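Below are two complexes that have chain A in common, paired first with chain B and then with chain C.
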Partner chain A sequence: MSDNILEIRNLTVRFRKRAAVDAVTVAFRRGEAVVIAGPNGAGKSTFLRCLAGAIVPDRGRVLYRQGLSRKNIGFLSDRLSLYEGWTLEEAWMFHRREFGIAEPARPTFQGIDLAPRRRIKNLSVGERTLFHLSLLMAQKPAVLLIDEVLHALDPYLRERFLEAVIEAMDEFQTAVIMVNHVFQETAQLPERVMIMDRGRFGLDESREDLERKVKKAAVAGEWPAEIPVLFETLSDLRKERYVYPFREEWAGKSGLDFKDVALGEIVKAFIGGAYVQKRAR
Partner chain B sequence: MFKKELADVSKQTLFFLAAVLALPAALILLKVSPEPYLAVLMPVFQGGLLFWSLFLGASLFGRERRERATEYALTLPYSRAGLLGRLVGARAAVLAALWILSWIVYAGWGSSYSAFPPLALALFYFPLFIISVSLAPLIENFIALCLVSLAAWYVTIPASYILTLAAVRLKGLYIPWEVAKRIPLRGPDTVPADFATAFAVIAFILPIIPFAAALLLSFRKFDIRPSRAFVKRYLTAFAVFLVGAVGLGFVAASAMARTSAYQSFYITSGQKVVEFQPYRVKIHQAGEDIIIKDSLSWWRIQEVGPYLYARDDDANLIRLNTADGTAKMVFKAQKEDRSLWQQWAYRDKIALFSRSASAPLSLLSLVIMDREAPERQKPQIIPCRHPFLETEGRLAANPYLFGTDVREGQAFWLIGFFGRQKGPLRLWEDGRVEELFPGESCPVHTVWFVNGLLLRFDKDSLKIYRENGDGGYRLVKSHPESFSFSSWDFLSRELDPRPVRAVYGKHGDRVARLDLETLELKDVAQLRTAVGAQVIAYFPDRFYLVETGEEGGSTRVSAIGERGVTLLREFENAPLGKWGYALDFQGGGVILGRPEKIEMYAFPDLKELRY
Partner chain C sequence: MIRISVDLNSPLPAYQQIIQSLKIEILSGRLKNGDRLPPIRELAKLLKLNPNTVAKAYYTLENEGFVEGRPGSGNWVNVRAPGLNGLRRSMLDGETRAYLDRAFSLGANLDDVRNSVQRIAAHE
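Then we have the complex of A and B:
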């Protein structure tokens, strides 16, 4: 039996004539952590909004498996959309009622103390993100969709945020699908990396495979024609080339010094490669 | 979500009501408006309700847009239909509660000061809400949304009205309040009032069908982006349902116009069929038909000999000679006379009521003319003044004549009133007015004057009065039983007081005869069924029994007279009371209206009349 909790089939979303998401078919498993990256305007946020129900696809379907329902899907958007005029208490009561949450108290984060009578519009972006996450955590989400919110958090709040996400994965086997470009603290979180460009997933690999398949080497002399270059840095001082997919036999034969690349750098290379291709077009 | 919406909308509505209550007081205190408070409150309240229905509809996503919560609302665990139901349901509940409140205020205190009765208000109020709700997902800017909704409402309802009118016109009929026939509204005309009301209802309800259907069918595609898919779906559904609604309205108006068409015919005693069409009258007869280019009302026709007396569009009294087709104006009506459409013949006179343009509107006059004068003459005018006729500067009731006679060389006329639990009055030639039964109610249809006797009917008694020596009326006989008949000719009756031997009426499950000499009641026939049976009376001595069976059944018409009840004709498959079926008694016969056709039958034996 498949372990998939979300199956997306032939999903297409258009903004006028441009396809923001273009016939995407993909599945997500229970409990897996997925990071989606890609250049701006690639369709990442639109894709996530489709999964959350905020956007209705023009074509294709989002299928819920294993008893998944809208009540078990948490969506934390970069817009941090909530009724801004409400106090935290009012927002919690409303969210609790609408999502049928049994627990009387909202989950809290260590060291973060938000007064219930404060209005949402008066919170800082970081506080608002954490508050919204606390609402989603109360849902015991089976799927958590997070859209580029980490960059707005300071290191302390970011740590609290990630603790909560990891706890949800442990406790509820939550599948976390996040659009993210910040990998300083989160590099070890994703098990699967997806790179989106022009509405399609150009890459969908496990993190381990990806780290094994992407290497970089400094350019000195002529570059062997058989080694594919994903991206090369533009600096005149030190040119580096990122190789994908890398084969072990090239290491000795080419005489190049291939080095491992961190996830953040891998993602950067893929995004850079996308921009190069775009320029070439 | 529903609870939140209901709380939000209720709170806003309480502020609205507080403003509505305070505004008239402020206007009166600042001497901008005259008192009383209710006279200012009711128009403010009713106008405010229209504004509020627009506001409630247009604010469907108001809070979500204002507080940047649209995305959050769309990710709540509901389907789009569920979300829409919660948003609209809460508003509709408040809207309905407000409307009920308006009804209570209207019934309790404000009917004299209201621009609209609650049912008429509903025809504006609910469509405006539905149109603005429907457009709310399409237009984000609140002010633009309100303006477009208002414009849509303002355009579609007259368009729908014109459509229903076109359907009626194609049937050769017209509606009393046609725009083309001048405002103020007045009637009656070709289509009877209940049908005309139905046309108005159609005109108001039709426009909401495409708006409501387009929203329901497209909202599942609604999301946070400016979605072409949603707009396309909305416009497609709108166009399809617009065409459907137009077709439906056209068919409904057309069908209703057809079923009401029987009332634009009149069968004369000489068995000619007079057809009243817009702007012309056609007399169907043996040989060549006669066409008269005049727009006459089919309603309340007074037939005397070869003449038909009827009103034209300006309420002028026209004498139409059915023998040669000539038409002559007998009386030129004042503007204020347009709600007084009846006339009564007696001896060589014809009488009608008028309101003088120069005097206060409450002044009512009886106008009497020689019936067959070759040229228009100066009529005899007798002012009729009585305190209960005057209320707040308006004529409180429309009068009708039900009797006339002469005492000691002076003529008098007996006057009843529509829609009033008062009267009747006796007006003397010298202008004196007497209330015949001071302090007693006497509704319309319940009084007859025959053989010098005054008969009064109500649902459980029959009372007979005879004139006193002092001019009053004293009770001479009372039957504590139900005795009733329908006298459809009371609006244009020939009042000649010729002697009559008996009057017949429905008496429980029997037909009874009231002997006008002994004043005793005697049953003369058993009804086949008391339900659906009625006695039709033509003043003063023609009586018919109409018995209709269950749905799909037949209708029997019988003559009632000294020989008892004699069946004249049984009409198969004519369930009167069912939609589309009607039997109209006229001077020379009856017209049976069926949904698909009109049939005419002439007295005395109800032989089918073809024209």
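Then we have the complex of A and C:
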């Protein structure tokens, strides 16, 4: 039996003539953590909003599997869709009714204190995000969609945020799908890396495979034509080429010294490569 | 108090970094047979890791004969591997290889390295 919890088939979303999401077919499994990176305007947020059911696609379908429903999908973006004038208590009561949550007590966070009488408009950006996450956690989410909220959190709140997400993954087998570029922020959570460019996923690999397949080498003399270059650094001071997909047999005979690359740098090379292609068009 | 750390910028996968740290803990004697490893969720939260990553490290250590997993109660140190000495030797070789690379890149030769090791060991 397939372990898929979300199946996306031929999904297309158009804004005027431009396809923000362009015929995407992909599936997500229960309990996996995925990061989606890509250049600005690639369609990442639109894709995530489709999964959450917040945008109706022009074509294609998002299929919920294994009893997944809107009630146990948590969608977190920098726009908190609650009334500014509400107190946290009121927001919680509304959320509880809306999602049919049985527990009466408002969920709290270890390490931060959000008094029930405070109003949403008086919370800092980071406090809002954590408050919102606490509401989503009460849904026992099977899927968490996180759209670039980590960069707005200070280091303390970011740690509390990640701990809550890790706890959900362990307790509810939550699939976590996040849009983010900065891997210092997502820590080591993602096991699967997707890169979106112009509405499509140009890359979808397990982190382990990706780390094996991307290497870098300093450019010295003639570059062997069969070795594919993903991206070349822009500085003349240090000319390095990122190679993808790498084959072990090149290590010895090409005379090049291939080095391993950490994930953050891999993603930077892919995004850089996308910009180079854009200039070439 | 277990010293396990994971370096985000290292190209070494996180689960291998955990394995490495735990092996050092065992070799140094800070972790002994019968000691309990931190629960997966707690270690994942501490290091900000995917719980699957921690589970994979524990599972690998179990296969290699350093850890015993008891369903429902956690993971315990239980070294069945024939001799920690073999492990100690192979890890030491790895460290020496890395050190020699750096020493040679300074233009030192093997005699310089030997002299330096002896001089420093004699003073400490």
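Here is the rule we use: the second predicted complex is superposed on the first by the 279 of 281 C-alpha atoms of A that agree within 3 Å, B and C clash if a C-alpha of one lies under 4 Å from a C-alpha of the other, contacts with A are read in each partner's own complex, and residues count from 1 in each chain.
Basically, a residue touches a chain if its C-beta (ideal position, glycine included) is under 8 Å from a C-beta of that chain, and two chains touch if they have at least 3 such contacts.
Worth saying up front: this structure is predicted, and the values here are computed from it rather than measured.
Student: Is A:Pro116 touching the first partner chain B, the second partner chain C, both, or neither of them?
Tutor: In the superposition, A:Pro116 contacts neither chain B nor chain C.
Student: For A:Pro224, is the partner it touches chain B (first), chain C (second), both, or none of the two (neither)?
Tutor: So A:Pro224 meets neither chain B nor chain C here.
Student: Determine, under the contact definition given at the top, whether A:Gly255 touches first (chain B), second (chain C), both, or neither.
Tutor: Touch partners of A:Gly255: none, neither chain B nor chain C.
Student: Considering only the touch criterion stated at the top, classify A:Glu159 as touching first (chain B), second (chain C), both, or neither.
Tutor: second
Student: Contacts for A:Ser69 in the overlay, against chain B (first) and chain C (second): which applies, first, second, both or neither?
Tutor: It touches chain B, and chain C stays clear.
Student: Once the shared chain is lined up, is A:Glu211 touching chain B (first), chain C (second), both, or neither of them?
Tutor: second
Student: After superposition on the shared chain, which partner residues are touched by A:Gln188: those of chain B (first), chain C (second), both, or neither?
Tutor: second
Student: A:Gly31 in the overlay: touching chain B, chain C, both, or neither? Say first, second, both or neither.
Tutor: The answer is second: A:Gly31 touches chain C but not chain B.
Student: Report, in rising order, the residues of chain A that make contact with chain B in one complex and with chain C in the other.
Tutor: Shared contact residues on chain A (touching chain B in one complex, chain C in the other): none at all.
Student: Show me the residue ranges of chain C that touch chain A in the complex, using the header's touch definition.
Tutor: That would be residues 6, 8-11, 13-14, 40-41, 44-45, 47-53 of chain C.
Student: Show which residues of chain A lie in contact with chain C when the two form their complex.
Tutor: Against chain C, chain A makes touches at 31, 33, 159, 162-163, 166-167, 169-171, 183-184, 187-191, 207-208, 211, 259-262, 264.
Student: Considering the complex alone, what residue numbers of chain A touch chain B?
Tutor: So the residues of chain A in touch with chain B come to 14-16, 49, 52-56, 58, 69-71, 73, 75, 77, 79, 81-86, 94, 97-100, 121.
Student: Going by the contact rule at the top, pick out the chain B residues touching chain A in the complex.
Tutor: Residues 1, 3-4, 63-64, 66-72, 74-78, 80, 220-225, 227-230.
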